[in-house]
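Scroll down for the structure; my scribbles are underneath it.
Letters A, B, C, D, E and F mark the chains in the order given here, with residues in each chain numbered from 1 onward.
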Amino acid sequence: MSIESLPLDAGVVETLRGVSSGTITTVLLKKGLRNVWLRGTRPLAPGQPRLVGRAFTLRFVPAREDLATPASWGSPISTRAAIESMPAGCIAVVGALGTTDAGIFGDILCARMQKRGVAGLVTDGVVRDVAGVLGTGLPVWCQGTAAPPSVAGLTFVGWQEPIDCGGVAVFPNDVILVDQDGAVLIPAALLDDVVAAAVEQERFENWIMCQVEQGAVLPGLYPPNEENLAKYKAYVANGGK
Amino acid sequence: MSIESLPLDAGVVETLRGVSSGTITTVLLKKGLRNVWLRGTRPLAPGQPRLVGRAFTLRFVPAREDLATPASWGSPISTRAAIESMPAGCIAVVGALGTTDAGIFGDILCARMQKRGVAGLVTDGVVRDVAGVLGTGLPVWCQGTAAPPSVAGLTFVGWQEPIDCGGVAVFPNDVILVDQDGAVLIPAALLDDVVAAAVEQERFENWIMCQVEQGAVLPGLYPPNEENLAKYKAYVANGGK
Amino acid sequence: MSIESLPLDAGVVETLRGVSSGTITTVLLKKGLRNVWLRGTRPLAPGQPRLVGRAFTLRFVPAREDLATPASWGSPISTRAAIESMPAGCIAVVGALGTTDAGIFGDILCARMQKRGVAGLVTDGVVRDVAGVLGTGLPVWCQGTAAPPSVAGLTFVGWQEPIDCGGVAVFPNDVILVDQDGAVLIPAALLDDVVAAAVEQERFENWIMCQVEQGAVLPGLYPPNEENLAKYKAYVANGGK
Amino acid sequence: MSIESLPLDAGVVETLRGVSSGTITTVLLKKGLRNVWLRGTRPLAPGQPRLVGRAFTLRFVPAREDLATPASWGSPISTRAAIESMPAGCIAVVGALGTTDAGIFGDILCARMQKRGVAGLVTDGVVRDVAGVLGTGLPVWCQGTAAPPSVAGLTFVGWQEPIDCGGVAVFPNDVILVDQDGAVLIPAALLDDVVAAAVEQERFENWIMCQVEQGAVLPGLYPPNEENLAKYKAYVANGGK
Amino acid sequence: MSIESLPLDAGVVETLRGVSSGTITTVLLKKGLRNVWLRGTRPLAPGQPRLVGRAFTLRFVPAREDLATPASWGSPISTRAAIESMPAGCIAVVGALGTTDAGIFGDILCARMQKRGVAGLVTDGVVRDVAGVLGTGLPVWCQGTAAPPSVAGLTFVGWQEPIDCGGVAVFPNDVILVDQDGAVLIPAALLDDVVAAAVEQERFENWIMCQVEQGAVLPGLYPPNEENLAKYKAYVANGGK
Amino acid sequence: MSIESLPLDAGVVETLRGVSSGTITTVLLKKGLRNVWLRGTRPLAPGQPRLVGRAFTLRFVPAREDLATPASWGSPISTRAAIESMPAGCIAVVGALGTTDAGIFGDILCARMQKRGVAGLVTDGVVRDVAGVLGTGLPVWCQGTAAPPSVAGLTFVGWQEPIDCGGVAVFPNDVILVDQDGAVLIPAALLDDVVAAAVEQERFENWIMCQVEQGAVLPGLYPPNEENLAKYKAYVANGGK
């Protein structure tokens, strides 16, 4: 049922940490992908650093009173078992149907994820016991917080399956980059292309920003006309000075 | 990935065809289940008969331009392959994320389901080419109709898995009863209990309705006080006369 | 707790039966009232006639498992007791929080209302057992149909109180007019003014419609310039010919 | 402010009348356009025929009490003036912000549009006085009906401007095709390409449907493998027999 | 019309101040209550302390221009009169229909509540003049802030009645506990049972959290197997050491 | 297509900076305007000062893949051209259809607006690259942040046209006042009346607040009875002491 989790090259992680989520969406848009930003994934705490990692997916369906009980927490298909399968460095991506009135995890499960070296938690749902979750130090992106346990609204059904998270299709091992603007998905098959294009896009937009700060007007600059393109190419040829 | 589909006892089908979806929800509520009615499952055509069958589930996630293309229709994990796995008499239950701007199926797929003896199609999404779908004769319960194909909004990812349909958790082989009030789910494990209680509940409410038609007042009748309970028991003892 | 229900003058009922809900909203808008149309109040069956009557209000709050049980149907504050308090000719207006996944009433309660001479049922919620409800002959305006009983989503708390129905404040004894465009409210205190203005507005718009059918252009006609106003006045002076 | 309206070639209209809205969306998806179906545009009456025409756009913003008054109906920028500018054969496409509690037009304005030879009315809002509107014979696609006048919720600001209708960008003179599945937009610049591809797609899907009716299985047929593609080509070469 | 407000035992307040809202929902779920968390009740300011008190309820219906005017603020049924009826230590729970574009109260009313010793304000609506409200020091849980006064969207109709707040049925004198995860309701009739179970649940989860911090894995711990249950019992027997 | 932008009297700006958005809505409500608060316009950063200025409007419609491309950023009708038309001191009001999954502007465009002396940016949409936008120092009111560029969800179509922003009709050169409670609109034609009334309303509410802080009860004070009105008049006559 579950797809095996894969490692992510450390160099890719390092490079992408210097690229904003916005730049990733611009690069993917140029490749025809418009639906890659996970709606509702806001930082739980201010100042959470940008993270990059493979998606480790978890899937919920709605609660049914005969299934979603505290007793279910001990079943073989449980959030507990899923967490014990998470590799260090992954980003847990939890499809929670956008549910905002039942928290998928509280302090105990987040503490265990932190112990296992999970890089972060991203969900279109909410967490519970926000004070406790913040205390664990696990970086979380979500819609907010709610007191009730997951079983009040959700039934856990599996991990490392394709999921819907925030209106985006996330497959196991797709790459997630998340920062203050929320989480974006890079399809695993497009990773190398995206990394290369993103670094260039980031450099180019930084150059534009410098021009604007020096008083340049926008038309002809962004996007650049021939003259400005030549100036940018000279800047690049000069080693970015 | 897929759970094997099971047959449903013909006697159970026959018995439940005489029970309304409303009665099933009353019976399940008394057992503590409040979330068993699939939101958004309205009859596509007037006069569609009540249907009873095992759920054969299909699951969609949102569209991603690199995945949800016309080319994907030929992949091994496709709606086409799923349909060819459906047993006669099942009810196809399609979790479509409540999407109303892309039709899950049109006339061609519905025609094939009809050929295979599928009893009916239930979804929290919509169909496309409504004239064509009606022409196939397949009974459909859904939110309505939309012109765009599924790949404009959805990616198909599997069948016979647990799904969310209309805010209800549907597991493969749960029993579905659907009529003019929409689709209700009977958990497979509770089937026998529900059948017995539903027949009695139906008889009891019919008797109440007769009393009201004869001018009885509601308090003391529905729910019944001791006197009315005795009258009802006498009616039952007398063979329902 | 409950405000006493009042009769409505038969002449007023007769007069307003000749006025459309649209005309009432135009008249009230001219008096500064923009929020008088009860959202979600659609005819359950085609061809239901226009109705006029005093509002008899019922109020629900959300379900709570310790309160909203089948047993609650027998409590003194119950929908049953409320129905037995409804006077003939009233229009039952039920504030159901816009709930679409639990039916406020089914065939039994509607049959009893019909027996008591209730003119019609208006709600921002839904009914259950739509076949049965249609069989009672009680005219119903609502959002549609759902199988589950009210207690699956709602708790009944009282009648003849001010309520929210479809985003409109309805007070006991306000006047309701409902037709194919849904239900509009006439505040009790404004009734006489509205009746007089509505009859005139209806006559005026009928005259406009005749002009359009004869090929008149809209500018200068609707609203009328001096020339057209004079023509209309002559038409009225001539007894409407 | 307003863009001049253009005629549409009669041959194109004739050809497209034989193509379903669903086929148009499939053809446009293959060209990379996924957002061309106007949400909320349902037929007001059963059996309305398929229509094809240039979009004549109207634009509303929300109501403001100082602007949206009955008096505003006489201003130079009014729905009345817009209607008098509509050419015969156009399809009026009205961006109403998805408003469902104020009708954009009633019987009088629809009667005048019918008189002018407007082919049909498409809106993401609702109409008022549904009985009267149906009486005019003007085909309407919308979200439903409401009693209040447009000024209760909307302010009219102009015509033949780019608009949002049902979440789709409609520019004046884009082509609209509308049938039982609702309204789809064909960008004016893509018209010729779409017409050619749509006729072929329609023929191809009809052939598929025949195969399914004769018992063919879906995999390999839809989309076709080489064998089935060859069969289809033979069918076409044989003049469609 | 209004139910008398009751005091709450100081010992209960003291005990519950040591229990999180999350724990209360877990305890109530075990008793079958899943709908006790008031949606939309977020802390207005960071760091607001946990509060416990009886609910003093206020009820709004939608605005109607003939009723919801500045003049209405002086009527006998007014928010002003309601505030003067609030006992010290109560928690004002205001059912505002989830309205987010009209503030129920501003600085003046909140200042008066603070003067009267009201413990806090909880609503599914919003407040206005957020700077002023924060200045009063009254702790507030709500959906946010809006500039317009309540009468722009709401009509006040009474206090100490059953209400809907955030999709939960709140009856006068039910107990409210509110902290960073929002407000939960404890039905008055269940108070003693809940207090006892909540203290034990809190102790148990704290013990689990310690185990996780020491590196324990989740399966077998949460929920505990026999071995871990024995360890926990020993810990309790040892006085929680 | 575009309406010329007008200056705003410096004295008016100065005076209105001392008036809260809440007071403006109270003053406008007394003139019959209830829909003047732009929903979803929250401060992006804490502590943004109150701003007053003429509205410079921008209008988007939904994205269409053939129109909303990176290439479109260079067209004559572009956000870039619009920004270069903004006068110093204006408040840019951007109608973004309430879109929350595509940012209208990022750091580059906001930096350019800041350079041009634009007072602030108000939108019912979101911005992207929140860290960069905050770095520019431009005060922004919006619904939040999203990574994708505007063209992922929106098409820019013009400036200085009437728009919908947050459910409010904004016309070019209407006056906007925005503070911690969000943005309110003052119709240009009502400006002088509103300024005069707002200053008085602000003074009056401040006096009320002082009375409450000194322990006054609300009934008879707010709104004031004759006695309190006399006290207030004496206070005013005494120069506000």
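Things worth noting here:
Note that a residue touches a chain if its C-beta (ideal position, glycine included) is under 8 Å from a C-beta of that chain, and two chains touch if they have at least 3 such contacts.
Because the structure is a prediction, the values reported are computed rather than measured.
Counting only chains that touch, the fewest steps needed to get from chain A to chain E is 1.
For the pair chain A and chain D, chains touching both partners: B, F.
Interface matching across D-F, B-D or C-E places the copy of A-E, with more than half of contact pairs shared by residue number, at B-D. Of all residue numbers used where chain D meets chain F, over half belong to both copies. The two sides are thus made of the same residues. Among the remaining chains, A is positioned farthest from chain C, on the basis of C-alpha centroids. Each chain gets one centre point, the mean of its Cα atoms, and the points for chain A and chain C are 49 Å apart. Centre-to-centre spacing of chain C and chain D amounts to 33 Å, using the average Cα coordinate of each chain. Residue numbers of chain C whose C-beta contacts span two or more other chains: 32, 34, 36, 63, 65, 167. Looking at which chains touch one another, you get A-B, A-E, A-F, B-C, B-D, C-D, C-E, D-F, E-F. Residue ranges on chain D touching chain C, taken from their complex, read 63, 65, 70-71, 73-74, 78, 80-81, 83-84, 100-101, 103, 106-109, 111-112, 115, 128-132, 144-149, 151-153. Looking at the complex, you find that chain F touches chain D at residues 1, 31-36, 61-68, 97, 155, 157-158, 161-164, 167-170, 187, 189-190. Residues 20-22, 24-26, 29-30, 34, 36-37, 39, 42, 167, 179-182, 184, 205, 208-209, 212-213, 215, 217-219, 222-223 of chain A are the ones that touch chain F when the two sit in their complex.
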